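Next up, some structures in structure tokens.
Look for chain A in each of the two complexes below; its partner is chain B in the first and chain C in the second.
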Partner chain A sequence: MTAWIDGQAVERGTAVAAAASLLAEAHGPVIAGLCAEAAAVQAAYDLARAIGASLDPAAGAGLYADLGALASGGAMTTTPAEARGRADLVLVLGAAPWASGLPGDLAVEAPVRGRAAGQPRALLALGGPGDGGVRHVAYPAGEAGLPADIGLLRGLVAGRIAGPHPLADLASRLRGALYGVVVYDPSEIGALAAEMLNGLVKDLNEVTRCFALPLGDPHQGRAVTQVAAWSTGQGPRVGFGRGRPEHDPWRFDAARQAESGEIDAALWLASLPAPLPAWTRRVPTVALLGAPTGDEARVVIGVGVPGEAFGAALWHPRRAAIAWQEAARQEAPRQEAARGAGAPQPDVLPSAAAILADLQARLAAFPVSNPERSASC
Partner chain B sequence: MSTLTLREAPERLDLAGLTPAALAGLSEAEAARLVVGTGRRGLTLGDCFALRLDGSDEVRIVGATDRLDRVGAGLSAGRIVVEGDVGQRLGAGMTGGTVTVSGSAGPFAGTAARGGTIRIAGDAGESAGGALHGAAAGLDGATLVIDGTAGDRLGDRMRAGLIVATAAGAHAGSRMIAGTIVADAIGDHPGYGMRRGTLVAARHGALLPTFVETGRQDLVVLKLLAKSLDALAPEAASLLRAPMRRYGGDLATLGKGELFTPAG
Partner chain C sequence: MLTRIAGGRVVDPTAGRDAVSDVWIEDGRVVAPSDRAPDRTIDAAGCIVMAGGVEVHSHIAGGNVVLARLLLPELGVSEPDAPNPHGSGRDVGMLYARMGYTTAVEPAMPPVNALATQLELAEIPLLDRGGLCVMGNDDQLLQLLRDRESADAVRDLVALNVATSRALGVKVINAGGADAFKDGAVRFALDDEVPAYGLTSRTILNGLLDAVEALKVPHPLHVHCSNLGLPGADDSLIETLEAAEGRRIHFAHAQFYAYAAVDKDNPLTGGFTSAAPRIAEALARHPNATLDIGQVVFGQTATISLDILRQFSGRKAASPRKWIVNAGDAEGGGIVPFRYRDRGPTSSLQFAIGLEMMLLSPDPERTILTTDHPNGGPFTAYPRILHLLMDKEARDREVAAHPKVAAERSGLAGIEREYTLSEVAQLTRSGPAKLLGLADRGHLRPGARADVAIYRDQPDRTAMFARAHRVLKDGAVIVEDGEVVAWTRGHTLSLSVEADAGMARRTDAYLQGRFGAGLSSFTVPDAAFPDREVFEAVSCRT
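For the complex of A and B:
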């Protein structure tokens, strides 16, 4: 069984009808999670536009730490693949990047392309526990924390702070590198430090080449950012309550909206694994899940896992781009036939995009609460 | 005095542009049709408020809650008096006039306000006088007085003007471009990334390693600032008359900002 209402297994068509009814009656719906393939995220933005919902990806907080810095001062970034091919110096900031496996890969290789080709690669760490199995040079973190250290490093690199200092050697190594890369996790260091880090990188580009490498979240946040940009021209946290996409990272934070009672219905989209927030128990919620148990929300509908059940466009962390991922199983023709929601084969799950399109079609049949609004979409 | 009495706010309401001047040209029936809702219902002013308009240059908002966003946004003259709390972006982009709030304000109070005075009797949320996502500047010439406690990032990326608060959270004056912040107490790491501008605080949390002490200073400009604050905020004025120790920063960036704190 792949659909549930109040924890009771039901036919998928019944669950989709209940989901449509739940969303149709809502005054302030939110579509959250968005941890899914690009087609499903696109369908979520289309549905939100049609029903006046707001959107917030599961990746929201960390994503906005980086987007805020980008919007304020710009960024000079590179990808993991380019860092592996070109960097002769990699600085790993904080603890989170060590969990990604990237430092280990960088440590055993050396640059093969560009101006640093043939040089050895130095792997440096600041403010993180490092990894005993990976050869690197660790610099001590100050008591004031990583954001303060990033500022200090920027002052040293620019020569505004002089004299002997524990980080002075790190600053001179950054200035002396041919192709430096600074690896960080925006959710670990926060928005202010991310902006400072991008400032450091820009300062270094006065004398050499250096790039920031923000590690992506595991919840498709960077793919959502791109879908939101091409769908609305704005960042992911937009609301269509007034018919047009309004970008407001504070107002459309789904957790904040749930806390303040501003939303009366939600659709949680996670065809890939994402932690289910506690508010989905309080707010009447429809959950489209790749791995459902049935009791996660008022209405739960199982959907195919992208990149396993069917081929899909997903975030590729190493290429830092949306890329096509083939289905894991070789059942492509049968899968194609079953894409439509409520398809007769109960053993094959439909895609989340198909369910969302079905919901949008059903919702179009409900009476429009504010007819004037539709003209401005 | 015109009065808007809140009956209910079933969703966040956007009161931008509801200035005395804008309301003066409208009958009560016309004003009641102005859309203030932010959801798909298209709620109007009349749906949510009881209106009494007399065309004067003062508008009183009674029974206000933290769901009222952008109260006083775009104000250029006159007076808006709020009885209760307000939501985000109080007085955003205002160029003149006065906004007073008897309760507390949400985040981004006074963002991009170029002139006029905002006074909040209670507390203010994060980034009071601070910049919105991607915006060029926070407070930009207006005066913002917070009688209670401000959240983190007070005056974030402010470009001009004056903020007076009793207390503020961490990162007061972060990314400041210019302007002045005076507070009795501020939290850790004030002035993170500040380029220019002046912070004055009787007490402060941990300082960044990129701020350096530049000695005890007796500056005429602080006395002049004290004089200008006598009427607006007497406690802040007396703080400015104390002998001051000066720290310069943030040396991570331009480093032309300063933090004054009483010496000894």
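For the complex of A and C:
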């Protein structure tokens, strides 16, 4: 089964009709999660525009730590492949980047392009967990925490802190590197520290080359940001309640809206795995899920997993770009055939984009106020 | 359906046409006048009828356009009934269509970010779109050139990149400059070496010029020279023009190079004066060359460029004081916000030089109107710019309101020329269409695509060009009285070019080694656009 209403299995068409009714009756719907292929995210922004919904990706909080810093001061960044190819020094901030596997790869390679080619690579860590499997030089975080350390480091690099300091050696290494890269996870260090880090990196470029490398979230947030930007001119958290896109990271935080009772219906989009927030149990919700069990929300519709069931445009963490991912090789049909002709055909799940387009078509037929046509409310 | 656009003044310089007559349309194409009764008549009495406008250089999609919106959220806000050229793709399409433009090209699509750029282009409604694939700082190409591989190998790599990214043409941005920047350089010129490869910018340019010719790409190599915006940049443009040695070449946003150094010995400190006459003269001598202007207009904007060396060097002029430089997998990109100060001396001089270049043009089909949106300002300034080109009196009033330096250091005030409507059509229609090699647009001869702009003829040319009376795309009316009435979606134009299988295998291995992802990861398949036919093929030259 691939569709459920109140935990009871139903035909998919019945579930889509129920989903359309649920959204049609809503005064303040939100479309959240957005952990999906680009085509589905695009369809979600199109649907939101049509029904006056707001949007918030699962990646929201961590994403906005970086977007906030970007809008405050800008950034100087590079890509994972350039870090691998060019960096003679990599500084890993905090604990989160170690889970990505990137520091391990960087530790065993050396620069092959640019002026540092042929030189060894120094892997340094500040406030890291001390991964014994990867050879690196560890600098412990100070008592005030990582954000304060980044500020101190910036002061040291700029020569604004006199006298001996535990991080003085790290500052001098950064200044001496030919192509330094500072790897961080914005959700771990937060917006203020990310802004300080961008300042540190920019300062270093007065004398050498050094770039920040923010690691992406695992929930397609950086792909969502791009779709949001070209669909609305703004970042992902926008609302179409007044018929035009309004960007407000605080106001359109889905969890906050659920908590304060500002939303009365939701569509949760996760064709790829994303943690389901608790508020989907309280707010009447339609969930489009790549791996459903059926009891996640009032209406649950199973959808194909992008990059497995079909080819899709997805965030590629090592390329730091939206990239094409072919469908996984289909081994299953042969196994089915081996079981004999009587075996039932596996249900081919529709894409989330197709369900969202279907919903938009159905909602266009409902006699509800369309914000595009009557924006005066 | 047979349509007659009746009684307008039809302006089509490619047919020597400028008279009151009819334009007939059937099945999305312009047809010869018919004896049959039309199914629909569009009254164009008192109107000017032209082909749809064609844009050759406007940053309307891609990772850097996205970053500009994120850096400057305040710049991209869409207010009710006020679509924003810095805003969504929807706003961009609407604003172009309202001005009578029906085709627009994004000139900077890095192959590593082709899929996202193409997804974004496809979300610009109403227009046909296209992207130019950027090469010239990518390690794979620089390795081929360093290792003195054959011209055929370079050609095959260019073909593969165009085919994989589904581009309409090829662009080079400060060849080798981004790579040099990553190795610490802050200045870089045509005969400087990219340190890690021992190659000059000239060698890279040569390789790409040859490859584009060998592949018979309709659009010539689209070149962003070194030293953009610096006093003495005119030398860079002229040197690059000479380096082309007769091969076809297009210069992007040439206004930003038309700056002759006042003090030749200390070019960076003495300021600049107009080099428009020098560039116009060079253009007259080189029929192989075209340029677009990159006209400056006043106000807040964001400069967006893959020339990270220049963007880094220009960072301290950022206004407001925030900027982005991304050292990407080849170029990356730089976003530096900038405010062209209304009545500021430098901005006023830049403004005057752009107009001067168009007014001195030996051939308006080869000096195409752009603002290099958003770098010189938004494309929505075109109506005002056309007005100033057409009206000497309005121009004099404008110049009089600017600081004296604009008149003293440019020849603008002394130019009597007023553009005719035919010349406007050359500047905005036939010129850009020919440049892109799109034989089916930019004119109204039988067989042309029925992309038509109808303007109410009025003395206020700004008002006239800002909101077309009617716009037809492929024969369908999409704009009435300056408002969009049908949200058609247009196509993305991509060049039909065969990729060599051997180069594809070799590149797949290269990309696997560098990115842990092979060639298929870099493709732009139709399946990325479910339930839509997005691409339209454009043939190479025969």
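One rule holds in what follows: the second predicted complex is superposed on the first by the 352 of 377 C-alpha atoms of A that agree within 3 Å, B and C clash if a C-alpha of one lies under 4 Å from a C-alpha of the other, contacts with A are read in each partner's own complex, and residues count from 1 in each chain.
Just so it is clear, contacts are C-beta pairs under 8 Å (C-beta built on N, C-alpha and C of every residue); 3 or more make two chains touch, one makes a residue touch a chain.
Values in this document were obtained by computation on a predicted structure and should not be read as measured data.
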item: Three-chain arrangement built on chain A, chain B and chain C clash or fit; value: fit
item: Which superposed partner A:Arg251 touches (first chain B, second chain C, both, neither); value: first
item: Partner chain(s) touched by A:Ser351 [first = chain B, second = chain C, both, neither]; value: second
item: First (chain B), second (chain C), both or neither touched by A:Glu326; value: second
item: Touching partner for A:Gly85 - first (chain B), second (chain C), both, neither; value: second
item: Partner contacting more residues of chain A (chain B vs chain C); value: C
item: First (chain B), second (chain C), both or neither touched by A:Ala38; value: second
item: Which of chain B and chain C A:Ser72 touches, first, second, both or neither; value: both
item: Superposed arrangement, angle subtended at the Cα centre of chain A by chain B and chain C, nearest 10 degrees; value: 90
item: Partner chain(s) touched by A:Gly235 [first = chain B, second = chain C, both, neither]; value: both
item: Smallest separation of CA atoms, chain C relative to chain B, angstrom; value: 6
item: Chain B and chain C footprints on chain A, overlapping residues; value: 67, 71-72, 235, 242-243, 247
item: Partner chain B, residues of chain A touching it in the complex; value: 27-28, 51-52, 64, 67-68, 71-72, 142, 144, 147-148, 150-152, 154-155, 160-161, 192, 195-196, 199, 235, 239-243, 246-251, 260, 262, 369-370, 372-373
item: Complex interface listing, chain A residues touching chain C; value: 38-39, 42, 67, 70-79, 81-82, 85-86, 113-115, 117, 178-179, 205, 208-209, 211, 223, 225-227, 229-235, 242-245, 247, 310-313, 316, 318-319, 321-326, 351, 353-354, 357, 375
item: Chain C residues within the chain A interface of the complex; value: 61, 63, 65-67, 69-73, 76-80, 84, 86-91, 112-113, 115-116, 119-120, 123, 139, 179, 182-184, 195-196, 312, 318, 322-329, 332, 335, 514-517, 520-525, 527-531
item: Of all residues in chain B, those that touch chain A in their complex; value: 10-12, 37-42, 66-67, 69, 88, 107-108, 131, 133-134, 153, 157, 171, 174-175, 189, 192-193, 206, 208-210, 250-253, 255
